[in-house]
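Paired with chain B in one complex and with chain C in the other, chain A is shared by the two complexes that follow.
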Partner chain A sequence: MVSINTVMIILLYGATFSGILALISSGFTLIFGVSRILNFAHGAFFMMGAYIGIYFVQQLNLDPILSSLISIILVGIFSIAAYITIIYPVIKNEVMTIIVTLALALLIEQVILLTYGEFGLSYPRLVAGTLTIGDVVIPMVRLTILAISILTILGLWIFIDRTRIGKEINAASQDPEGAILIGLNVNKIYAITIFVSAVLAALSGILYSQMYAANPFQILNSLILAFSIVILGGLGSVKGSIISSFIVGFIYIAVTTLIGARWSEFIALAIIIVILIVKPTGLFGVEE
Partner chain B sequence: MSKLRKYWNIDIGQLSYLIGFLLVMGVLPIFLPDTLLYILGLTFIFIVFAVSWDFMTGLVGEVNLGHTIFIGVGGYVTALLNVPTRFKNTFLDILTNIPPPPIPITILLGGVIAAITGILIGLITLRLRGWYFALVTAILPLLFIKATYVLKDIFGGEEGFSVGLSKALAPDTIGKYIITLLFMAASILILYGIKNSKLGLTLIAIREDNTLAEALGINIYLYKVFAMGISSFFAGVSGALLVHYRVTISPDLFDVPLMLLIILAVVIGGLGTLIGPIIGGFLIYLLKYWVLKVYLIPYIPTTIPINDDIILYILLIIIAVLMPHGIYERLKRFYMAM
Partner chain C sequence: MTESEKQVSRRDFLKLAAAAGVAFVVGAGAGYYAGSQKKPEVITKTVPGTPPTSPTPPPTSPTPTKSEVVIGVIAPMATKQGMVQRNAAELAIREINEAGGVLGMPVRLVWGDTKLNPDVAVSEFRRLVTVEKADFMTGGFSSGIMNAMMEPMAELKIPFLADASSPGHPAKVHEEYDKYKYWFRITQNNGATFAWDLADMFDMLDEKGYDVSHIYIIRDEHIWTDAVMSYLQPELDKRGITVAKDVKVGRGYTEYEPLLVEANDMGIQVVVPILAIAGTGDVLAKQWANLKLRLLLAGHDLAALDLGFYEATGGAAEGYIFLADGGVVNTAPPTDMCKQFIQNYTAQYGHPPEAHQGFGAYDAVYLFKKVVEMAHDDGVENPFDPDVVVQYLEKFNPDNPINLTRTIAFYPPGDKNKFDHDLVWGDNYVRNWISQWQNGKQYVIRGKIKNADMIEPPWF
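Take a look at the complex of A and B:
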C-alpha cells in the first residue's frame, strides 16, 4: 500500500524535478526550433552552470546567489563564443553541426573530469531551512527551485510572445529566408537564441546541483531525459517540451520512489520508442 | 576489366593504392616488434569500425552516433556465448548449459545480432527525418552501459569479464595480426564493392536528394534500413573480433569516447569516401595509442588539465570546421590542381 507520505514525496519531488527538466529541455528545443541546430553540447552548458558557480563559491568565497548569476552569464557568453567559432562555420552541414557540438560536450566533460574528478559535487545551498507539512519535511530549497523554474518558464513565454526580439525569433524559426527578406539579421537572432538556451541550461544546472550532486557524467546522461522530453513534446515545440517535462518528470520520480532507481533511465527509452512508433511528431510537434 | 568497370564503377587508382597498403601491412611482421604489431592489429579492427560507420553516415548521410552499440552488442554476444557460466543463478539460468559453438561461429553470430539490433533501430527511427535517428542513436550507448551495470552478474559491470586465454583469436601476436589484417581486407573490399555497386549508387542518390530519389521510385526507408543492417553487421563482427583479440570485454566498447574516435578518424579521412576512413583510422588510432601515449602525454605537467582525449577532441573540432571534406579530398584536389 502506498502511503500518503509517499504520494506527497512523489508530488513534491516530481514537481521540482520536472521544473528543472522543463528548463533544460525548453532551451534545447528552442535553439533547435529556431535554427535547426541539434545542440549536443546542451548538457555541457547544464553542468558548466553548476561547476562554474561552485568554483566561484569555493575559490573566491562569493555569495552563492551572486556566483550563480555570474555563472549563468558566463555560460551564456561561452555559448555565443561557441556559436561564432565552431557552430556557425558548419551550420549548413547537419552532420558536422552534430559532430562539433558532441565533440565540444566531451571536451568540457574531460576538462571537468581532470579538474574536479569524477565524484559528485554539491552546490552550496541558495536558501536554508525546512517546512513541515504533516509528517513530511520539505526543504525550503525545493520550494525555491519550483518557484524559480515556474517563474523562468513564465518569463520565457513572455520573452518569446511579447517582446520584439522574441517575435523576431519566432519569425526566424517559421521561415529563415522570409526573415532575411524583411531585413532581420538571422545570424544575430540565432546567437541570441543560443544565449537564452544556454542561460536556461546553466540555471537548471545550478538548481539541479542544489538537490543532487553535480557530476561530469551528467553532461551526457542529462541528454537521455532531455531527448525523451523533446521527442514526447514534439521536436522544436517549446510548449510541448514544457508540458512533457512534467509528464516525464513525474513518471521518473514515481518509478524511482516506488520501484527503484536502477531502471529509471530506461523509462525515458520506453517513452521514446512508444512515441516514435505511435505518434512521431510528439504531442505538439509540427509536421515536417 | 572494362566490363567490370562498367558495372562496378571501380576506380582502379584507388583500388591499387588499397592493395598496395594491404601488401605493405602484410610484410610488416618481418620487421616490427610484437608490441607494435599488437597495436597495429587493434588498428585494423578500428579501421573496420570507421569504414562501417562511414557506410551509414558518410554514404547514406544519416548521423549514427551509436555505432558503439553494435560493436558492444557483437562483443557481448560472442563473450557470453563463450562463457555461458555467466548466466548461472540469474533469470537466464537456462542458458548456462549451452555448449559454446566454435569461435568463428560466435563472432559471426555477434555480427548477426548486431545487425538485427541495427535494423530494429532503423525501422523505428529512419522513417522520420534524420534528427530522430541522431537523437536515439546518441543515447542508446549510454543505456547499454547502464544495462551492463544493472545486470552486473551477467555482463560483469564496469570491469567486464575475461573470456579466457583459450578463447584468444590466435595463440601469438603474429597470428592475431594476420587474422585481423585479413578480416580488415575482406571487410573493406566487401564494403567498397557494395559502395560501387548499384545498391551503393542508390544510397548515394538518397543522400544527395531524398525527395528526388523517392520520386524515382526508390523506397528510401527500406534502403536506409538495409544499409543500417550492413553497417551494424560489420561493426558487430569487428567488435566480436576485438573481444577475442583482447580476451576481455568491458562496457568501454559501448562508450562515447570510442564513438568520437571513430568520428574523428572518418572526418579526418573524409566522410563518404570509405578510402579516407582507412587513412584516418590508421593515423588516429596510432596517434592516440602510440604517439600521444608514448611521446606526448608523459611530458605534460599534471597541473595543466589536458589529456590525449582533449587533444583529439580539439583536433576533431578544428578539422570539422576548417576541412569538412577531410584530408583525403583535400589531397586529391591538391593533386588535381598540380
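Take a look at the complex of A and C:
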C-alpha cells in the first residue's frame, strides 16, 4: 500500500524535476518548430548557463541572482552569434545544421572540461532552507525552481500567443515564404527564436545546477533527454513537450520511489517507446 | 502555428538522426586522433625537494646491452586519476635520476592514454612495452580496463604494479599464477576490504551513540559493489545490523533527495553510500545538506576523495564521512616518505596530489628500483628479468613490508581470500582510513593515524 507520504514525495519531487525538463525541452522544440533547425548545441547552451553563472559568482564575487541574469543574457547573445556565423550559412541543409551544432556542442564541452574538469560543480544557492508539507520535507530551492518553471512557461505562452513578435514567429513557422511576402524578416525571426530558445536552456541549466550540479557530460545527457521528450510530445509542439516533460518527470520519480532508482531511466524510456509505438507521431503530433 | 505544420516527416527525421550519428563518429574520431598524437616525453629536469631515498649504487653493467631503464605509465590522462599517476611517476623518476638513476642507468618515462577504453588501453599497453621498450609498467584505473590490460601483460610478461580495486584481478593471479603473476596491486586495497572498513565505521558510530541497527545503503549498480556487499553482509550479521533498504543507482544518477527523505521516514540514522561509478557524490552531498535531515552520510564515495570535492559542493560536504581509499589523506601522511612526497609534489605542480593514485604510482617507481637493486646485490645475472622482478616483489610480504609513502606488502600466492599479489590490508599496512571532511580539509577520524575527532553535520 502506497502511503500518503510516498504520494506526496512523488508529486512534489516529480513536479520540480518535470519543471526543469519542460524548460529545456520547450526551448529545443521551439526552435525546431519555427525554423526546422535541429539545434544539437541546445544542451551546450543548457550547461553554459550554469558554468557562466558559476564563473561570475566565484571569480567576480557577483550576487548569484545577478550572475544568473547576466549568464542567461550572455548565452542568448552567444546563440545569436552562433546562428549568424555557423548556422545561417548552412541553414538550408538540415544535415549540415545538425553537424555544425553538434560540433559546437562538443567544442563547448571540451572548453568546460579543460577549464573546470570533469567533476560536478555546485551553483551557489539562490535560496536556502526547507519546507515541511504534511510529513514530507522539501528544500525551498525545489519549490522555487517549480515556481520559476511555471512562470517561465506561462511567459513563453504569452510571448508566443499575445505579442506581435510572437505572432510573427507563429506566421514564420507556418509559412516562411508567405511571411516573407507580407514583409516579415524571417531571418530576424529565426534569430529571435534561437535567442528565446537559448535563454530557456540557460535558465534551465542554472536551475538544474541549483538542484543537482553543473557537469560537462550533461551537455549530451540533457540533449538526449530533451530529444526523447520532444519526440514523445510531437516534434515541434511546445505544448506536447511541456506535457511529456511532466509525464517523464513523474514516471522517473515514481519509479525511483516505488520500484527503485536502478529502474527509473529504463522504465521512463520504455514507456516513451510504448507510447510512440501506439502513436508514432508523438502525443501531439499529426499523421503526415 | 498549427500542430500539423510543425511536424517533421519521418523520412526527414531519419535523415537528421543519421546525420547526427555521422557527426558523433566524426567528432569522436577527431578527438581520438588528436589524443593519439601525444608523444612520450623524456624526463630531464630536476625537482626541488629532498629525494626520499639514498643514492643509488655506482654504475655497473647488469646487462651489457642495456643503457637506460624505461618505466611505462598507462592511465586515462584526461582524468585527475590518470594525470596524478603520470605526474607522480615523473617526480619519482626525476628524483631517482638526480640521485644517479637505477644501477647507474638513467630512467626514462613513457606513457600511454587508455582513454577509458579497453581497446585503446590494450593497444597503448602493447606499444609501451614493444615499441618504447618499457621494463616495467604502472598505472590503470577502472576495473574493466584493468581486466583488458592484464592480457597483454601476461602475453608480454611485463611486471605491472597496478591501480583498480576489483577482487577479480588478484583472483586471476590466484587461479592462473604462471600466466598472471606479473600483476601486483600497488595503489589501493582490494575493493572487498571496503566492507571491513565500513564495519569498523559502524563500530565507531555505535561507540559514539548513533543508532546503526538499521542502515540505508545507496550503491552503484555494478559488480564491484556486489563484491563489497558479499564481504559486508557477514560483518553486518555479526553486529546485528539490518539493511533497511539497499538502493542501486546507475551512472550519472542525481535524484538522491527522495531517497534521503525515505530513509528519514524509515527512522534511519545512517545512510551508507557505496559509490564510484555513479560519479555524483557531489550531488548526494549537496542534497543531503539541502534537506538538513538528522541523517549521517557515512560510507565509501570515490568522489569524496577528490581534493576539490568540498569546493565543488559549495561546502555541503562538511561532516561527510568517507573511506580514504589508497591509505592517505594529505593532512595525515602515514610515513615520512609520504610527507616528503606531498611536499615535493606540491612544490612541483602547485598543489598536493589530486587523487590517491599518485601515491601508488610514486611507490611503484621506487619499489621497482628497490627490487632491481636487491636482485643486483644478490648477484642475479639479469635483475630486469620479469620473473626475477616478480620473485623479488613477492619478498615484500606481511612479515617483510617496505616503508614507502605507505607501508607496502603483498599477499603471497595462494591467499585464502584469493587476494594474491594484493596490497596487505590493515592498520600496519594500507587501509581505507575512516575520514571526514571538516572545514574544507580531509581528516582521519579513527585508527592509528587519526588526526581529528569526528564532528556532526552543522545542522545536527
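For the reader, a short list of remarks on this structure follows.
In the analysis below, the second predicted complex is superposed on the first by the 265 of 288 C-alpha atoms of A that agree within 3 Å, B and C clash if a C-alpha of one lies under 4 Å from a C-alpha of the other, contacts with A are read in each partner's own complex, and residues count from 1 in each chain.
Following the convention adopted for this analysis, contacts are C-beta pairs under 8 Å (C-beta built on N, C-alpha and C of every residue); 3 or more make two chains touch, one makes a residue touch a chain.
It should be emphasised that the depicted structure is a prediction, and the values quoted were computed from it without experimental measurement.
Of the two partner chains, chain C is the only one touched by A:Gly33; chain B is not. Once chain A of one complex is fitted onto chain A of the other, the partner contacts of A:Thr163 are absent, as it touches neither chain B nor chain C. By the document's definition of touching, of the two partners only chain C reaches A:Asp135; chain B does not. When the shared chain is aligned, chain B comes close enough to touch A:Val90, but chain C does not. Residue contacts after overlaying the shared chain place A:Leu104 against chain B, while chain C stays out of touching range. In the superposition on chain A, A:Thr115 contacts chain B only, with no contact to chain C. Of the two partner chains placed by the overlay, neither chain B nor chain C lies in contact with A:Asn185.
The larger set of touched chain A residues comes from C, when the choice is between chain B and chain C. Contacts of A:Ser173 after superposition: chain C is touched, whereas chain B is not reached. On chain A, the patch touched by chain B and the patch touched by chain C overlap at residues 32, 38, 40, 94-95, 98-99, 102-103, 106, 221, 235, 262, 265, 280, 288. Of all residues in chain B, only 57, 61, 63, 65, 124-125, 127-132, 134-136, 138-140, 142-143, 146-147, 150, 256-257, 260, 263, 267, 271, 305-307, 309-310, 313-314, 316-317, 320-321, 324 touch chain A in the complex they form. Against chain B, the residues of chain A that register as touching in their complex are 32, 38, 40, 85-86, 89-90, 93-96, 98-100, 102-104, 106-107, 110-111, 114-115, 220-221, 223-224, 227, 230-231, 235, 262-263, 265-266, 268-269, 272-273, 276-277, 280, 288. Those residues of chain A that touch chain C in the shared complex are 5, 9, 13, 17, 32-34, 36, 38, 40, 94-95, 98-99, 102-103, 106, 113, 117-125, 128, 130, 135-137, 139, 141-142, 169-170, 173-175, 211-213, 217, 221, 234-237, 240, 252-253, 256-257, 260-262, 264-265, 280-281, 284-286, 288. By the touch criterion given at the top, residues 1-10, 12-13, 15-16, 19-20, 22-24, 26-27, 31, 78-80, 218, 221, 247-250, 252-255, 257-259, 261-262, 264-265, 279-280, 282-283, 286-287, 290-293, 303, 306, 308-309, 312-314, 316 of chain C touch chain A in their complex.
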